[in-house]
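To keep things simple, chains are lettered A, B, C and D as they appear, and every chain counts its residues starting from 1.
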Amino acid sequence: MTEQTLTRGEPHATALTPDPAQLESWRALRARLADAPPAERAAALATAARQTRRSVVRMIDSAGQGHIGGDFSVTDILTTLYAYVLRLDPGEPERAGRDRFILSKGHCAASLYSTLAYSGYFAPRELATFMQPLSALNGHPNRTTVPGVETNTGPLGHGLPVAVGEAIGARLTGSDARVFVVMGDGELQEGSNWEALMAASQYRLDNLVVIVDRNRLQQGARTEETNALDPLDEKLASFGCEVRVSDGHDFAALIEAFRPAERGGPVAVIANTIKGKGVSFMEDRAEWHHKVPNAEQVRQALEELA
Amino acid sequence: MTIASAQEKTALPTYDNRTAFADELIALAREDERIVAVCNDSVGSSNLVAFRDEFPDRLINVGIAEQNMVGVGAGLAASGLVPFVCGAAPFLTGRSLEQVKADVAYSQHPVILCGMSPGMAYGQLGPTHHSVEDLSWLRALPGLDIVVPADRRQTRQAVRAAAAEPRPTFIRVGRHKVPDVTSESDVLERGRMLTARPGDDVTFIVTGTLVSRALEAADRLAGSGLRARVLNAAYIAPFDTDALASAARETRAIVTAEEANVAGGLGAAVASHVGTLEREARVPLRILGLTEFAPTGNTDFLLEYFGLTAAGLAEAAREALAHD
Amino acid sequence: MTEQTLTRGEPHATALTPDPAQLESWRALRARLADAPPAERAAALATAARQTRRSVVRMIDSAGQGHIGGDFSVTDILTTLYAYVLRLDPGEPERAGRDRFILSKGHCAASLYSTLAYSGYFAPRELATFMQPLSALNGHPNRTTVPGVETNTGPLGHGLPVAVGEAIGARLTGSDARVFVVMGDGELQEGSNWEALMAASQYRLDNLVVIVDRNRLQQGARTEETNALDPLDEKLASFGCEVRVSDGHDFAALIEAFRPAERGGPVAVIANTIKGKGVSFMEDRAEWHHKVPNAEQVRQALEELA
Amino acid sequence: MTIASAQEKTALPTYDNRTAFADELIALAREDERIVAVCNDSVGSSNLVAFRDEFPDRLINVGIAEQNMVGVGAGLAASGLVPFVCGAAPFLTGRSLEQVKADVAYSQHPVILCGMSPGMAYGQLGPTHHSVEDLSWLRALPGLDIVVPADRRQTRQAVRAAAAEPRPTFIRVGRHKVPDVTSESDVLERGRMLTARPGDDVTFIVTGTLVSRALEAADRLAGSGLRARVLNAAYIAPFDTDALASAARETRAIVTAEEANVAGGLGAAVASHVGTLEREARVPLRILGLTEFAPTGNTDFLLEYFGLTAAGLAEAAREALAHD
């Protein structure tokens, strides 16, 4: 451990930079998907998502910490966004006019980091440093150390207000960029989100897409047994959103749900998901919010995700 | 600069710094289209009416929702704009502190947080409306500049500096009327205190509303042949430990005064550094400020109640010098 | 001013205590109203409300500060509650099992203080000290100095969470007390309220009545032009409230709206009101949020409220 | 009490104070039906599973909503109950600070705020999850007790004291494992520091996780013939200025250490008071703690990174004594 000790005040982490090889394969995937027939597209996205889930298993295994359940419920959403929907260039992470993405449920950093790495923002081998001393890859996303991260998240209820600011910012700067933000469903219990939704609708932010990872579980239990969100569609609609309900593990449905706004205001996508999706013994079980798999479970998970 | 005598001073006109703030913001907005303002139903109290009239699209009023306000500020900064996020200081800081921490200081989004009507400016509206914890609250956040302009000129300079090189910044924009205490040659420099008056017996390190009161206290002490140095701590963070160390070495006592709770503000910053200096520089300290929630009363009454007056400062200086 | 200077740390204000004469007249009013036919009841409440509004005018005139518009929109609600609805005894402000009332929009303290004084919590002559140095009657309600005030308010968005705690507390302590809280409509833009509503509905708090003073104005402008609340009924319903819409200046309608819950959860009363109600030149005008009337306006206001 | 030697100490078992917290809370709840717990989806991380199983109606889980959580706590206290409001310390304090100010401290509702997993207990979950600003944030609120138990016994005592005489209180309930540092005769007294070890060369004033490290530092210094006094500042507010003044008079330097930003915490409290003492008592100070957002790393790594180790404390003591 002391080997890595830095003097206070020095930059903490090796700066991460785009990875040319990975960037190339991401660009090839994007190009292929753009023209592919729907079934082929879905198959390719599923393959990419499996790769991300395997990466998450390895990261959490080696870090000994993480939030695997939520990582898996959001993986298909992240994959769809980065491999097909978002208009951005991982080779130039700060390019003006880029679409923005914020993972408001920042505890699912492993899934985001994997997605970013496979998109070429940095080399996938860096994923092995997840949560290690002085790593750029903290347990929650840090924009000052990870290219592609737009704002620091981790405390719930922060991403949506920042996304609202970015959506207003896009309009003010004459950009046609869209802003996507992924919220946990439990996260919606935070009042800051309802403040932000009210403003988003007042400002008719048709460039904002709020995606709710509706896995019906929060940290300790089911959302409806803790602090019910249903009727979530009515809540979101009454706060001015154009509500779309989607299967959060159906790539075609997600792509459809992410289409441009049709009613001149913010879009809210309720993506029905399964926490722990992809690994049989983790699916829809509260304890896998942040349980760490043992060696045998890691083996089995990787097998199921092969 | 100097202010001749207490008598003269009393006659000086006083100003609400929000006017200078608004004027400068508008001037800047004319030059630089990245400048936007954000507020929480506080168009009037943040003095943004003229700004809104001239730049209707560039005033974002998010309603009564401070957490969202700070998040929106961060998002605007992330879009390449320079947001001045304006709200009554107690709510801008207290209600959104975790947003200030995560979205501004830790994320390093260059948001300019403008805490309007700080300290006890809201007088008889009571402790819920007093922003006297803000310095303690914000000093604990690394990477956030904290500026407390003492008059109109410094308010303008603070606004201009923030726009020129945007970084996470909190500016305390005073409402309680104060006289001008700086002159044209006084330039606000990041992390520097200004010497409002030289002196080598005792030092007042003061901020905001207290600067003019310290100058008056210095006048009073001059009557007893005591030369008081007055340092205007316009930057609470980064803090000017050089000027502090010089004061500790060159004068025999230090009195700090702030319109804030003493727990973690200016006084605590001074004490924490003086304690690390060599023996001769560890001069006696008196730290003036709030130690309890204020009772009912207008701002002047409350400043008097907490001893934050020229008489209170002079008395503290004498006492520190005498009892050492 | 210095005459009143106290040493720091000493108790700030003269303790206010119940006023026997006023208490008696309040008890007489309560008794009379309980049995009165509706029209007579409404007339008596209207008289009491006019007295409160006149008191507010005098307090703000002498203090040189205040929030007269919101004081007037909420006066009829306060009068209805204290003269007819709330089960409590101003002679024993802390009596166990009492109904609770919280004025979440604490900036309308003048109206609350007047109502409390006329209910006997303290002598009405104390109202003259409003906002004076060391007065118990601060610009925002302080429970440590004013009997009848249950919690300190002033920053918006605090009263409802505390009321939720009191409603849960009543249930846990086996009390059948009800908890009433008055919110400003602009105040509902604060996210803390939506957190509280979610919990209130999760806990099925049928002993909680959330009254929204729906005057459609906030500090600087109309609510709908700032951060729209409509469709407010749908918002509240989707958050689990039993929504009742009422004329906030019709005493019979308010009494009806304050009846017990019928659906096993929290009741939300949208009380449609007029900011500045009762004084022609103040009604429905944003600037009277906290404008202070000049001498001529005071005269005219008192005349209209005679 | 004393701890014999560094060697022995290393062998001592260490404990997560949340266990003692939960055990004592359950024991109290059996005796006193006013005791209730409130949490924010943190039944597990606040260690309230057993409490919930035994008292399902008396655990109020408001969901992920800290502002409401603190308000609900105030309402429960207003109903005559004794609420222990439990949540991860960074969110309980930061997200609801204005509620802690208005609903708890200023309203004087006797709410017991239990900040779970404070300091850098969340290690590699990063600065958003570190509660290192809490001492600065809360010290600025008059009328709020701040207790930082150093081990299991003090955790139990803090819980019991809060229930016995409920008043607005914040208890930092540690998660990072620490050895026992108090003995049976050590009684937690409101506003008092405990002498964990006597000594008259230098004083360590430390809190929470740092107490065992200071004892180990004292062992190291003993090797060089330096007798270090160790004061366990279990109460940060009210603060024991008597024991502090004695230390300043009886030893030649003071080193403070806290798992917190140094802006307005323990070190600032010490420095602010020492500066007001007579010349001989104004001993040199070293204030150890955080000055920046932590990089990635586990708790032990980060404590080392910020010099919050036995070696770091001993070094600071030597340095203070040498350079005076």
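A few notes on this one:
The rule is short, and it goes like this: contacts are C-beta pairs under 8 Å (C-beta built on N, C-alpha and C of every residue); 3 or more make two chains touch, one makes a residue touch a chain.
What you are looking at is a predicted structure, and each value in this text was computed from that prediction instead of being measured.
With centres computed as the average of Cα coordinates, no chain lies farther from chain D than C. Separating the centre of chain C from that of chain D, both taken as means of CA atoms, is a distance of 40 Å. Between chain A and chain C, the centres computed from C-alpha atoms are 45 Å apart.
Each chain gets a centre from the mean of its Cα atoms; for chain B and chain C, those two points are 36 Å apart. Chain contacts: chain A has residues 142, 152-155, 157, 189-192, 195, 198-199, 202, 226-227 touching two or more partner chains. Of all residues in chain B, those touching 2 or more other chains are 62-63, 65, 67-68, 90-91, 94-95, 98, 102, 106, 128, 291-292, listed in ascending order.
Contact topology of the protein chains: fully connected, every pair of chains touching. Against chain D, in their complex, chain A makes its touches with residues 1-2, 4-6, 8-9, 12-13, 63, 65, 106, 131-140, 142, 152-157, 186-187, 189-191, 218-221, 226-227. Here chain D touches chain C in the complex through residues 36, 57-58, 60, 62-63, 65, 67-81, 83, 98-99, 102-103, 106-109, going by the rule given at the top. Considering their complex, residues 96, 100, 142-144, 150-155, 157-158, 160-170, 172-173, 175, 191-192, 195-196, 198-199, 202-203 of chain A touch chain B. Against chain B, the residues of chain D that register as touching in their complex are 90-91, 94-95, 97-98, 101-102, 105-106, 127-128, 132-133, 136-137, 139-143, 254, 261-265, 267-272, 274-276, 278-279, 282, 284-287, 290-293, 323-324. Those residues of chain C whose C-beta lies close enough to touch chain A in the complex are 189-195, 198-199, 201-202, 226-229, 231, 234-235, 237-240.
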